[in-house]
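What follows is a set of structures for review.
In what follows, subunit A forms one complex with subunit B and a second complex with subunit C.
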Partner chain A sequence: MATQDAGTLEVVGATRRFGAVTALAGVDLTVRRGEMLTLLGPSGSGKTTLLKIVAGFETPDEGAVRVDGRDITMAPPAKRDIGMVFQNYALFPHMTVAENVAFPLLMRRIPRAERERRVQETLKLVDLPTHGGRLPRQLSGGQQQRVALARAVVFDPQLLLLDEPFGALDRQLREQMQLEVRRLQQRLELTALFVTHDQEEALVMSDRIAVMGQGQIAQLGTPEEIYRAPSSRFVAGFIGESNLYRARPLDDATAELEGGMRVPLPHKWPGGTGDLGLMLRPERVRSLGPDDAADIAFDGLIEEVVYLGETIKYRIRSDDGRLSVLARWPLHEANRILSSGHRVRVGWRSADMHSFPWS
Partner chain B sequence: MSASATTPNELRAGALRRRWWRRHRDGFGSLAAAGPALLFLLVLYLIPMAMLLAQSFEGASLPHYQKALTDDLYLRVLFDTLLIAACVSLLCLVLAYPVAYALSILPSPWPAVGIAFILLPFWTSVLVRTYGWMVLLGRNGLINRMLSDLGVIETPLPLLNNMTGVLIGMTHVLLPYMVFPLYAVMRRMDPNLAQAARGLGASGWDVFRRIYLPLTLPGVLAGMTLVFVLSIGFFITPALLGGGKVHMMAVLIEQQVRMFLNWGFAGALSAVLLGATLLVYIVLRRLLRGNMQWS
Partner chain C sequence: MELRRGRRRGAGRWSAWHFGLFAFTALVLLFLMAPLVVVFPMSLSSSSYLQFPPPGWSLRWYEQYFTDSTWIDATLRSIKVALATTVLATVLGTALSFSLVRGRYPGKEFVNQISLMPLIVPVIIYSIAVYGWFGQLKLIGLWQGIVLGHTVHAIPFVVIIMTAALRTFDIAQEHAAMSLGANRAQAIWHVTLPPLRPSLISAAFLAFISSFDELVVAMFLGGSNMTLPKKMFDNIVNEIDPTIAAVSVIQVVLVTVILILVSKLGSGAVPTER
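Let's turn to the complex of A and B:
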């Protein structure tokens, strides 16, 4: 399969309103060649609207969509050369697996011999070489998913769109399919736009993630950047678990948390812009010995215990009642399970926190 | 083998009996529930029909059947009946398909409104509706008068007392039987399928021909079967709108009974009609089953 013509996707100032509701408010986005970019956000964040605009099922009120510099904003879906995997696969129930996969080739008037060769090749690629004669309903959920994927890539599209494709699968299969889709996308060097509301899935699948909220991109970055350094409260709250504190800056290096505790800041704070938010990942909270020191340290009581198998989560409240923190620690022999009411001393380095403007 | 002790074989037989009963218990239950309806059909439909058919057999040479199946007139009428039924089915399909499609995609209150408009005439007596068409289609009927007032025509169109009138009237009466099976199938269609097809490069025509039509075919065949089978036995509408010029089997049978009191021949014609109906039903059923494989 040729990959040289895989495209760059550009969305410029895309805006879409439904009556009084603005679903998409001037979004700019570039997906690079061969990149898997994920649109991550809660329902109503505009991610599906953006995907539909790229696919051609919606027309933006303002803005443009370009593939390799070619403006396709007004092009009908059939003329866009985009492969799409739908939420519920949307396999044609009256066609066999092979007929489903051949459909985009048939629509492109590709001769029969060539068609059959490519269908067979693609079915092999998704590990279903002998299933061509079956009907979709005779396949398992994971197999149907693979057929949908084969149908979306068989015609060597410039762009692959995936709309929450793993929603209908159980957890184990979902994880397996995530890796398979990722592998296939990398192998074919396809430019891909992936929509999901599942943050774990986004972290696993993506080269870059665009976190969306209220019709805008709240943050765009690699999974690691988004997880480590969220740019706002919204992103911090949406990706992974976190302790979020509101703080008042005292100078460019210190701030006072809402309960009154003073903490050193992880980054130099420019100041003057009102309150700031401090985020701390639960796995960065450390258990301290009685005399250990840390940038931030306090004695407290375990209020709540959540057993998660490999790890355990504790909610700990400081003795003075000013601070409550969620800690997650790995469970191994040295770490026995503590029960609620147990006294602990915890702390963390200032650099383990991440700061951003509160508003 | 002693007489008093239960042998393993008897035990086994008992177990088998119980298993048999358990397996068929539900079947008997539904049979009992359907009892009154079955009894009703038996007494008022099956027995009279058997009596009519019994009268059609007269000796070993079956003269009535010979006449019904060899006489040009009767073969001609049988052919016309089937032809009219086929035309009505096709007309209904062509008219009902877009209506059902529109109903299936309209937003919330409108499908119910549309269905009410289809059901209202459906609940009106066929006789009343047929007389209504006579008023509309006659030489001096509403349609002809309007067309000549507008200067479109000079002489009235022959719309009544001929095949045109029969087809119009029958199509009107039978249209709901086509709309509802189609609507039922179309409403269950996954709208994503058409979207997926378009995304994969299909034109509007391709989406219709390769996705929408094949997936609604079960509804098409179900509706065609209903309309065709009902058309074959139609009586009132062809009798009134055909003006004695359009002959359908049911009209002929009624004539034999009412005018000639020839119960035997009427019975033979009924048997031929019934046979033809069953044949068509079986063929369409086959088609339907072959097509339904995927669902």
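Let's turn to the complex of A and C:
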């Protein structure tokens, strides 16, 4: 799996401007061998531009792309040895499944016997061993997805690119395919760059995630790091649900939230440089008994209830009106559903929060 | 009850309206088709004049056509010119369509207008201009000259059909082909063009017809190299015998056969079995 040796894919200082708009502003990125790295960001964040530059459909204005140390910045897509799964699969509608999968081998002039063997092998790998003779339109969405995947890996590419490949599938199938693609990628030890705007998908699929915004990488880290310790307001807001508070540091251990409540800080704050952001995940908010104490605790009213099946979400406003917090609690026998207007006492530990500079 | 009565009355009204429309349509059809239909019996006439109804039946005008080498020469020349025009116009028009749909360059809209211009400029004006120009190039009287003249005229048909088809084509497929190891030409050949085949065939057919039927350009550029429409025109001017009717029938049959072939070839992308 992800080893620490030289990166398979290196992007250095990639910049791309479209007129006055800078789509990509000097991005550096290394994808390690055998690693699945996800570019996660909203539309217009530059993730797709970066993917196109790696695939060869765009040329960066500045910067370079290297695969295994080989500079491919100017190489045409065909010479890059990169397999790609497209958003709507882009299967060739006039070719059978087998012909689709054989296409990259045909282009590489691989002899017929070996071609057929590898096509068959790969179709088996994606669990479609008997579908070779069908046309793409005769397959379900999930099956088409598998064919697209087979076609992208049949020629043992050095790199696999996935461009929002699950967007067209319904939720259940999407979750299943996510796991399947992940399993295949790990089994073939493929180095993969995955693009999505779906943060849940990113958490499921990735060894590491690069959260992108405004043409730059806002944060790069494991899913756990990104979720637990986002480095900025943008990342905190984009990944998972969170309570985000702006606060003014009073000293290196205390801050005052907007609204006036004072809270102890989770980490020692270097101080000086303006306001800070505090993030609290809804599942870390606890329901307290009348006399229970916590680092931060208050009495309040339930304003809003959202039932989610396994869990339930409450928006709770403190009695003094200074603070509003979103809490998510698991539902089990001991936990009955509270209705809006109900009085509750809630609180959390200071260490459950995460701080970062506000701006 | 109310509703049913209403419906029945409505149906009756619609029926009268329907009958009127039917009669009108039939009349229009008759008016338009009669000259075409009349040609068939006239071509089988025993008379030496074009007259209807024919006084008697004979195949002599077909015999006349098939035994007169000027008719056969003109026919073969027209087919040759039309085929060459088809190939040139389809290739150039398709290439132009790619440029118009995919290209990003200044003046693209101007190129678009220019490429459709031959449809707008009156043929006679165009013919005079080309006559002057080809005269200097010593292209008058050569069948190749007619091909060039016809090609300019056929390109707009190809461009209109192929730009429409290309706009609906998902370019991701071409990108996919290139990422899978195809160069641009291979991607277009293996991936882009096959699904566009019905459109390509329609475009080629229109190009063929536009040349095969064309008179004015051929008149100016043909010289002694007469095409079939020119020969027919001369026949009408000089002799006017029912050979012209026989030729018309043969022409109609030929085009119909091609049309049937085209619709057979053009119907969807047939799965390739291997």
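Side notes on the structure shown:
One rule holds for everything that comes next: the second predicted complex is superposed on the first by the 352 of 359 C-alpha atoms of A that agree within 3 Å, B and C clash if a C-alpha of one lies under 4 Å from a C-alpha of the other, contacts with A are read in each partner's own complex, and residues count from 1 in each chain.
To be clear about the criterion, a residue touches a chain if its C-beta (ideal position, glycine included) is under 8 Å from a C-beta of that chain, and two chains touch if they have at least 3 such contacts.
Note that the coordinates shown come from a computational prediction; the quantities given were computed from them, not determined experimentally.
Steric overlap between subunit B and subunit C is present once the structures are superposed on subunit A.
By the touch criterion stated above, A:F92 is placed in contact with subunit B and with subunit C alike.
In the superposed model, A:R137 makes contact with subunit B only, not with subunit C. By the document's definition of touching, neither partner reaches A:R16: not subunit B, not subunit C.
In the superposed model, A:H354 makes contact with neither subunit B nor subunit C. Touch criterion not met for A:R174: it reaches neither subunit B nor subunit C.
Once chain A of one complex is fitted onto chain A of the other, the partner contacts of A:A78 extend to both subunit B and subunit C. Residue overlap on subunit A between its contacts with subunit B in one complex and with subunit C in the other: 55-57, 76-78, 80, 82-84, 86-88, 90, 92-95, 103-104, 107-108, 135, 151-152, 155. Put simply, subunit B touches subunit A in their complex at residues 190, 192-193, 195-203, 206, 210-211, 214-215, 293-295. Put simply, subunit C touches subunit A in their complex at residues 170, 172-173, 175-184, 186, 190-191, 194-195, 269, 271-272, 274. Looking at the complex, you find that subunit A touches subunit B at residues 55-57, 76-78, 80, 82-84, 86-88, 90, 92-95, 103-104, 107-108, 135-137, 151-152, 155. Contacts from subunit A toward subunit C in the complex involve residues 55-57, 76-78, 80, 82-84, 86-88, 90-96, 99, 103-104, 107-108, 135, 151-152, 155, 161.
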